[in-house]
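Each structure below is given as structure tokens.
Each of the two complexes below includes chain A, the first together with chain B, the second together with chain C.
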Partner chain A sequence: MKAKILKQTKLLAAKMRRYIIEEVYSAKSGHPGGSLSCADFIATLYDNHMNVDSKKPKDINRDRFVLSKGHCAPALYAALALKGFFPIEDLKTFRGINSYLQGHPNMNSVPGVDMSTGSLGQGISTAVGMALVGKREEKNYKVYTVLGDGEIEEGQVWEAAMCAAHYQLDNLCAFLDYNGLQIDGNITDVMNPEKVADKFKAFNWNVIECNGNDIVKLNNAISKANQYKGRPTIIIGKTTKGKGVSFMEGKYQWHGSVPNQEQYEQACQELNAVIAELEG
Partner chain B sequence: MSITDPREAFAKALEEIGDNNDKVLAVSCDSASGSGYSPFISKYPDRYVEVGISEQTGVDISVGLAVNGFIPVISAIAPFLSMRAYEQVRNDVGYSNTNVKLIGSSSGLSHSPAGSSHQANEDMALMRTVPNMVVINPGDCYEIAMSLKKAVEYEGPVYIRMPRHPLEDILPIEERDFEIGKAEEICDGKSGITVIASGTVSNEAKRAVEELNKEGISCGMINVHTVQPLDQEMILKHASKTKLMFTVEEHSIIGGLGDAVAATITQLEGAPRLVKLGILPGAVNTGPYRELLAAYGLTHEKIKESIKKEM
Partner chain C sequence: MPETKNKIATREAYGRALVEFGATNDFYVLDADLSKSTMTTYFKNEYPRRHINMGIAEGNMMSVAAGIAAVGKTCFASTFAVFAAARGCEQIRNSICYPNLNVKIGATHAGISVGEDGASHQAIEDIAIMRAIPNMHVVQPCDAVSTRLAVKAALETDGPFYLRLGRLAVDEVYTEENCNFKLGKGIVLKNGFDLTIITSGLMVQESLKVAKSLEKKNISVRVVDMHTIKPIDEELIIQCAKETNRIVTVEESNIYGGLGSAVAEILCKYEPCKIKMIGIEDKFGRSGKPTELLEYYGLSAAKIESQIVDFLNDK
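Then we have the complex of A and B:
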């Protein structure tokens, strides 16, 4: 990955984080922790891999993206706004009355959203359906989906995993945002999903493990996934919940909490500093 | 001779629809042979998607197919499709208004000997509350074929309740005109009694009405294949000249045809008294199909008895 491109994607991720905080603070509700942890993957994907055009959001040959962990909508909305799918100022309407930016993504109202999600486990199944169409129509598009590590406690995820492998959907790439935390605490305490990589291998998936907050590694992982033939790929990305905001990092309490004014200002200060450095 | 086997009627209709529309895909939850998919699959093997015993994923895969221009027809045994996958149907088919056709096979008491786990007595109640959902409850093989044809032509979510046991035609085919949301007037009555029936027990109700008419009790009758949207105009037309109204359905008396009719006639000043004939909530029973229908008061003899008792 060239230094200039890396810097550009890092900047996108940093700006996304800044807007994630803005959205949640404006709405006085939402999910900052997981949105921040998966921001690097979404930034890497939209900056370097997603074949989409904000002027033709329904283009039949576009790549598809399904945010299976729909509660991390602030991250997706920030990416789509920064990529020109809708005005950035609309992010402030997040979760507000009459806003098209609901707490969880709605494909019928948000340009660039390919599937409505929110109930965990359902998004990946719809992504399997989309990938099946890509195969039967011999289209070159890819289908990407982001799963939460808590989300894989839902049985439907494993139905979908079985089906994707059965149909050899190598046009499907899932990212597991493995930040290790869910609403009530450590995932290993709430419902230990380990050994996750072995489970997906046993379901006949191609498994790539990497640092899910490292853009270079994510970029390589996505490229490898897209070259892999015969099986779907899951990128298990070890991430930090609340990544980029010092007091949120690694704390499950920030799964669905809203910063107060002081915390909001501190978060903005930290993220603005990163943006200024990258722009400098 | 017209077809009486529901699965044969469904199979023939699906094959014909498939001949004319290459966007139609059959999605099976290990339900291909049980649903009547086999002729379609034999003819169009590449338009068949098997998802295994996983109704929840099956519904969402269908959504993924639908948003990319296909018309998935997904069939599974009615309780599993409408109840296990209810949230997927509600979110991704209903709220998202996707073009998915849900076929609840062996609905109602079809699997009567299998017990309550396999009976679907609440599916219409559940599906009626799903936004944008059309709910069709066919009562003979003509209605089965037409409901599937019209559902595929219609852009949006449809749930069709598929019967299993042999059915006679409710009316001669030449007298019929199937339109989603339109009920059929079978006869007009003079005794201030109207019977509104839907689905598999329409024929039972019709026979009861015919026998009562012979005894000098002239009942009106309406056949309702589309429970949602309900043909309110037809219901109100009859309600306005009726003192006593009956609904008849192979479904719980909560949330199905009976409640849909009740909600409609309350608009009317001096609305008729309504008696809902159907399955009492919590009823758990097993046995041969007709014996169970009789136990629940849904054979023509029992319907006639109920009407006379309430007069």
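Then we have the complex of A and C:
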């Protein structure tokens, strides 16, 4: 990966983080922890792989993205705004009564959102539906989806996994945001999903494990997934919940909490410093 | 209406309609390992590329159907009514109805007339569930001709549909020529002035028998085939209440939340009148032959008639 592209994608991820905090703080509600942990994957995807055009958000041949962990809408909205799908200033309206930026993604109100999600486990199934049509119609588009590690406790995820492998959906690439935390605590305490990689392998998926907050590794993993033939791929990305904001990192309490003014200012200070460094 | 000996189940007509309309409409059909019962097997034989078996996983099937619709292809998702509306309920709500996608649910084996399989397979609450979800259309045709037209209407109308279909072979009510099927518009099958029976599905045939029998007792009964339960034909319901004063609803589902409730919602708002709801009295089904079950649950023509006579006598 060329240094310039790497820097550009890192900058996108950093800006996304800054806007994630802005959205949640403006709304006084939302999910910062998981949004911050999956930001690097979404940034890498939209910067280097997603074949989409903000001027033609409904193009029939575009790649599709389904945020199966729909509560991390702040990350997706930030990416879409930064990629020109809608005005960046609208991010501050997130979750407001008159806003089109609903608490969880709504495909009919937000340009660039390909599926309405929010109820965990369903997004991956819809991605399977999109990929099935892609195969049967011999289309070249790819379908990407992001799953939470708590989300895979939903049985439907495994129905979808079985179906995707059965129909050899190599045009489907899932990312597992493996930050190890869910609302009530550590995933291993709430409902231990281990061994995740072995489970997906047993379901006949191509499994790639990497650092889910490392843009170079994520970029390589997505490229490999797109070249892989005959099976769907899951990139199991080890991530840090709350990544990029020191006091949020690794704390499940930040799954769905809002920073106070002091915390907001500190988060902005930290993220602005990263942005300034990358822009410098 | 002329009676014919040609008995066809609405699920059978559904399977045939998919094949017919599949020739000129580029839609997909999903099934959950029941294609020989839901009759989507006909479509599979004709258009294998557009038929996809989802295995025994109805929740996944509903969301996959939503994904198919989200990339621009109308999708029929078929399984038994109980597994569609109950097992797949939340997927229908969040993946299909909230985004208002073109998914048409072919829910076969509805009601107690499923027969020997018994309560676990007899959907009695599906109308109530599906009716309560925004954007959903709920349609229950009574015979082969109206089933074909219901499938056509579902294809021609944007948004999600719940097509409630039966297992049992039923008499034809309509001919191709005389079926004036319009989505959201009830059909007056027989005129009458002492009361109106509003019904749908295979209770239409039973209600027509009841009306004929009561006619001999000088009771004039209007029969309305309310094939579209949502959006319901408010205008016709109000008109019938005004003209006949009494309304009887007859349905092969729980009296709570079904067709009777839908009719009552309109009546109490615009034209309060005496109403009697005939249906399953908040009980689960059981095994038995379909005709025995209809008798057991008070839904045979004879049982419906005696309930109506009691109603007319204000018992």
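FYI, the second predicted complex is superposed on the first by the 280 of 280 C-alpha atoms of A that agree within 3 Å, B and C clash if a C-alpha of one lies under 4 Å from a C-alpha of the other, contacts with A are read in each partner's own complex, and residues count from 1 in each chain.
Here is the rule we use: a residue touches a chain if its C-beta (ideal position, glycine included) is under 8 Å from a C-beta of that chain, and two chains touch if they have at least 3 such contacts.
Just so you know, these numbers come straight off a predicted model, no measurement behind them.
Novice: In the superposed model built on chain A, check whether chain B and chain C fit or clash.
Specialist: After superposition on chain A, chain B vs chain C: clash.
Novice: Considering only touches as defined above, state whether A:A160 meets chain B (first), chain C (second), both or neither.
Specialist: Both chain B and chain C are touched by A:A160.
Novice: Based on the superposed arrangement, let me know which partner A:G118 touches: chain B (first), chain C (second), both, or neither?
Specialist: So A:G118 meets both chain B and chain C here.
Novice: After the superposition on A, what does A:G256 contact: first (chain B), second (chain C), both or neither?
Specialist: neither
Novice: Between chain B and chain C, which residues of chain A are contacted by each of them?
Specialist: Residues 60, 106-108, 114-116, 118-119, 121-122, 125-133, 136, 156, 159-160, 162-163, 166, which sit in both footprints.
Novice: State the interface residues of chain A toward chain B in the complex, per the touch definition above.
Specialist: Residues in contact with chain B: 60, 106-108, 114-116, 118-119, 121-122, 125-133, 136-137, 156, 159-160, 162-163, 166.
Novice: Quick check: in the complex, which residue numbers of chain C touch chain A?
Specialist: Of all residues in chain C, those touching chain A are 28, 49-50, 52, 54-55, 57, 59-60, 62-73, 75, 90-91, 94-95, 98-100.
Novice: Can you tell me which positions in chain B touch chain A when the two form their complex?
Specialist: So the residues of chain B touching chain A come out as 46, 49, 51-52, 54, 56-57, 59-70, 87-88, 91-92, 95-97.
Novice: For chain A, which residues count as touching chain C in their complex?
Specialist: Contact set of chain A toward chain C: 60, 64, 66, 106-108, 114-116, 118-119, 121-123, 125-134, 136, 155-156, 159-160, 162-163, 166-167.
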